[in-house]
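Below, each structure is written out as structure tokens.
Both complexes shown next keep subunit A, but they swap its partner, so subunit B is in the first and subunit C is in the second.
Let's look at the complex of A and B:
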């Protein structure tokens, strides 16, 4: 009879316990609750089957929220990655005050999102906020309510997210650049390869694993971080900045409809699982050079 | 032709010069090695010629044109790096063609040169592989291929063989030399391995502390080192160098009463291990230990205050504890001043003449 080795299981036990207690069990619980009605004081939860899902899909606010989330992700992910790459490229070179510029770029990352949102709240304030002061003071443009207008609110929130994330991703790119042997740049130079061609033909392909890692993080953050929504807009105006996770919070804890919130949570899990599956497929196909 | 005139290179925050007043001319179509211990400035010199670094002062000419501050790609040089610097994400084909693609050479021309280089270096079957799927020797060939397709007249190589195993290194030495002759390339080759330099080079530039110690053909460097450093660096094992001290009839080898016939001003006496032979009379030594090398054996002996090596056919190697007198041919005696410069012997000397080379066959019986 084969003996099952005990030690390895004991070693992964602590991690497994926490993962099960705080990730797997709540997910299953959410699924269970999504199939029931919300319990009220005198009326316990009853089995409702797919009713919650039908209600969710019929909700026009959800469509708006999903559309917002899609725009939010599609804008913040590439913008923060490109910005991070360009900043890293710049502070990777030899220049005076390099350490200071790196630190300056990294500062938004150190700030809590709540603090950052408050700073930007001031920037966006109509009339005397920094943005309006500059625009009307220098160019004589009329005052704009950046966060109060349907058309600009989502973009104003996106800018904050990009500003917050780019510095963090820059650090990963800096590390990625360190791993590229300097002799490659020298070999390219001797071959008459210009700086831009070097970036395009050598550097970008070589830091592709870093880019993928950053993209995964950016995508997770696009769905996960909604702190600034709480500070700046509370999803408004007219749901213009309502993102999926904020919508779940609103449904669950503002309207106290926990069954509907559980249903939305399952939707979020399905979306994230689908995205993760695509990313793992990409990761597997990615060539490892060394 | 590459001409370097009084070139200096100071690195910021460094008190000593990496290259200190170096002047050198490399003739067209020759293979010249820059040889020296690590930190002697040989790689820096190569990088200055390539244009990867700029000299602090001095002038660099390539084919009569002043290129001191010209960009690397406009100098007409190609370079092979120590770790080959192949692009890991590109196939062998794209690695070789990288420069031509960047310079937008016509596709037909690219194909022609690729075929030629692949044929020359035996890479035809490997063109679709990535560098990670190649052996060290194959990677080395790809790096060479990339340099060859550029058709630049001057090839710079920075320790290109140091990452290969001994057998492959031997083979690549011959291949490189053959390639250089076939294509008529001017090659500057950096190495710290004197055997590599000796076997490949038309001329060797021996460097130390950012300066040239001696520049000569390999045979001359071996036969007439102009500096004690050159004597120690060339040859394996190194030349025996023995300090001299004043004696009744001129300088004697320290710790003995043997006078090697040193000229005035000599403070060191040198003789190569392979030039020493047991003789009827000569330098008295005691054999201390042996290093068996196969056909030959190194006998490590004490001569006065110094340990010296003696290289003999294994069959006639003396056992430890044996007392011997050693002789050598007059042209094998080298003398150096206190400042390490060579002095020519003052004339015929007694012991050296008493031990002619004809001793060798006698000793083997």
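Let's look at the complex of A and C:
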């Protein structure tokens, strides 16, 4: 019998201990806690089966949160993908001031989300903010409380997310364009096909893997990044900007309802797992084409 | 394709660039001028550092910066050690269970520690690490992404180099330290930049774990400052927001190419 080497296990052990302690174990613990009541004072947690799930699904706030998260994802993902593509297309070609333009697109990515959110909070301020000044100064529109109204708050937050992300995704498209054979552009030019046709028929299909990669990342970010909510709206007004992870924080650390927060965590994990599964399927199918 | 961008699109590109910088420029304007110029744009507005001075006087941003610096360097050092060891094992050994163990590692790519805040907070508090830098760092010291990236890199190291060293009597750790690590230096730089900027910017988990001046990183410090300490003094808040991002922004402006390439390398898996 071949001897099983001991060394690789020893090498992996330290890393895996930390991974298990802060990823695998808490995920299982969240499931366990979601099946129990929240321990309060002297009262220990008791088995409640699926009660927490029933309560979660009956909660109108959660429905609002899921709807917000869906709109947030459905708006930020395509918007940042399209902008990233256009930005990359522009700075990929030669033009005056190209380095500056590229820098301008990428800079928001480097900024901490908390700082960016504060800057945007100022930008949106009714009366003082630049947005209001431009709109009332140039077009004579009345002052608007963008973050204070149910109808515009979520969109105001979405704009910040797109602004922060698009430049980051741009660099992946720039990398993707490097891999497109120059002969194709040459051929397109000889055939006399216009720039738009070249982009639509050649470039977009060829960078499809990049688009998939960006889409998955944007989707994960849509569920994972809620820093700006803390600064700009705290989920308000009337839960208009409450997103799933923020709702988990609120339930767990404001109301200290561990059981309900765990149930919501499981919901988030299921969503992330579904994203992973879809990504896996798409990647697999793509290899058939190769 | 290094074609010339058509003139119309060049104008579009410039407009978008100006639009993209607008919020930052506006905050910058507010930060370097006296408050009465907040909404009055004039070329002759006097320039002042007063807003920065007031921000630093009102909240211990120096201390927050120090906390963040210690935090990101501590995380990075731990990540380098843990990820290097694990990546080496996955890249160079075949052993029963390797596939399953690697799959377990990759789970963290999807489920980041900040998703499991409730349970991780309980763990950290049981370890007695609430409100400490170690408490902020500990969920992040083992990084699936780091292990994955280094494993890919180590796999490309030619076997012959290793065999030569082994013949000369070098043990596995010596081989790792003398051959693999030096050859992967660019990847360490790339990973380092990504990790530092991620943890410099990280907010939610540090917000939950910290509660005092001596542990708060700048992001949490800025949030506390903007929402609690301060009324609504936009000039000072803008100064604080820019000051807390300045180290990263300056580093980025100086090493733009390295940053962009690192993010790119890190993203493409």
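Quick note on the criterion: the second predicted complex is superposed on the first by the 271 of 290 C-alpha atoms of A that agree within 3 Å, B and C clash if a C-alpha of one lies under 4 Å from a C-alpha of the other, contacts with A are read in each partner's own complex, and residues count from 1 in each chain.
Everything that follows uses one rule, which is that a contact is a pair of C-beta atoms (placed from the backbone, for glycine too) under 8 Å apart; a residue touches a chain by one contact, two chains touch by 3 or more.
These numbers were taken from a predicted model, which means no experiment stands behind them.
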item	value
Contacts of A:183 with subunit B and subunit C, given as first, second, both or neither	first
First (subunit B), second (subunit C), both or neither touched by A:213	second
Contacts of A:197 with subunit B and subunit C, given as first, second, both or neither	first
First (subunit B), second (subunit C), both or neither touched by A:96	second
Partner chain(s) touched by A:205 [first = subunit B, second = subunit C, both, neither]	first
Dominant contact partner of subunit A by residue count, subunit C or subunit B	C
Subunit B versus subunit C as contact partner of A:72, first or second or both or neither	neither
First (subunit B), second (subunit C), both or neither touched by A:146	neither
Interfacial residue positions of subunit C with respect to subunit A in the complex	1-6, 9-10, 12-14, 16-18, 20-24, 26-27, 30, 38-39, 81-83, 85-86, 88-90, 93, 95-96, 98, 101, 104-105, 107-108, 110-123, 138-139, 141-142, 144, 147, 172, 197, 200-201, 203-204, 207-208, 218-220, 222-223, 226-227, 232, 234, 237-238, 240-242, 244-245, 248-249, 252-253, 256, 259-260, 263-264, 267-269
Touch list for subunit A against partner subunit B, complex	181, 183-184, 186-194, 197, 201-202, 205-206, 208, 287, 289-290
Of all residues in subunit B, those that touch subunit A in their complex	50-52, 71-74, 77-79, 81-83, 85, 87-89, 98-99, 102-103, 130, 132, 146, 150
Subunit A - residues contacting subunit C, complex	4-5, 7-9, 11-12, 14-27, 29-30, 33, 86-87, 89-97, 100-101, 103-116, 118-123, 125, 128, 130, 133, 163, 167-168, 171-172, 174-175, 177, 180, 182, 185, 195, 213, 217, 220, 224, 226-227, 230-231, 245, 248-249, 252-253, 258, 261-262, 265, 268-269, 272-273, 275-276
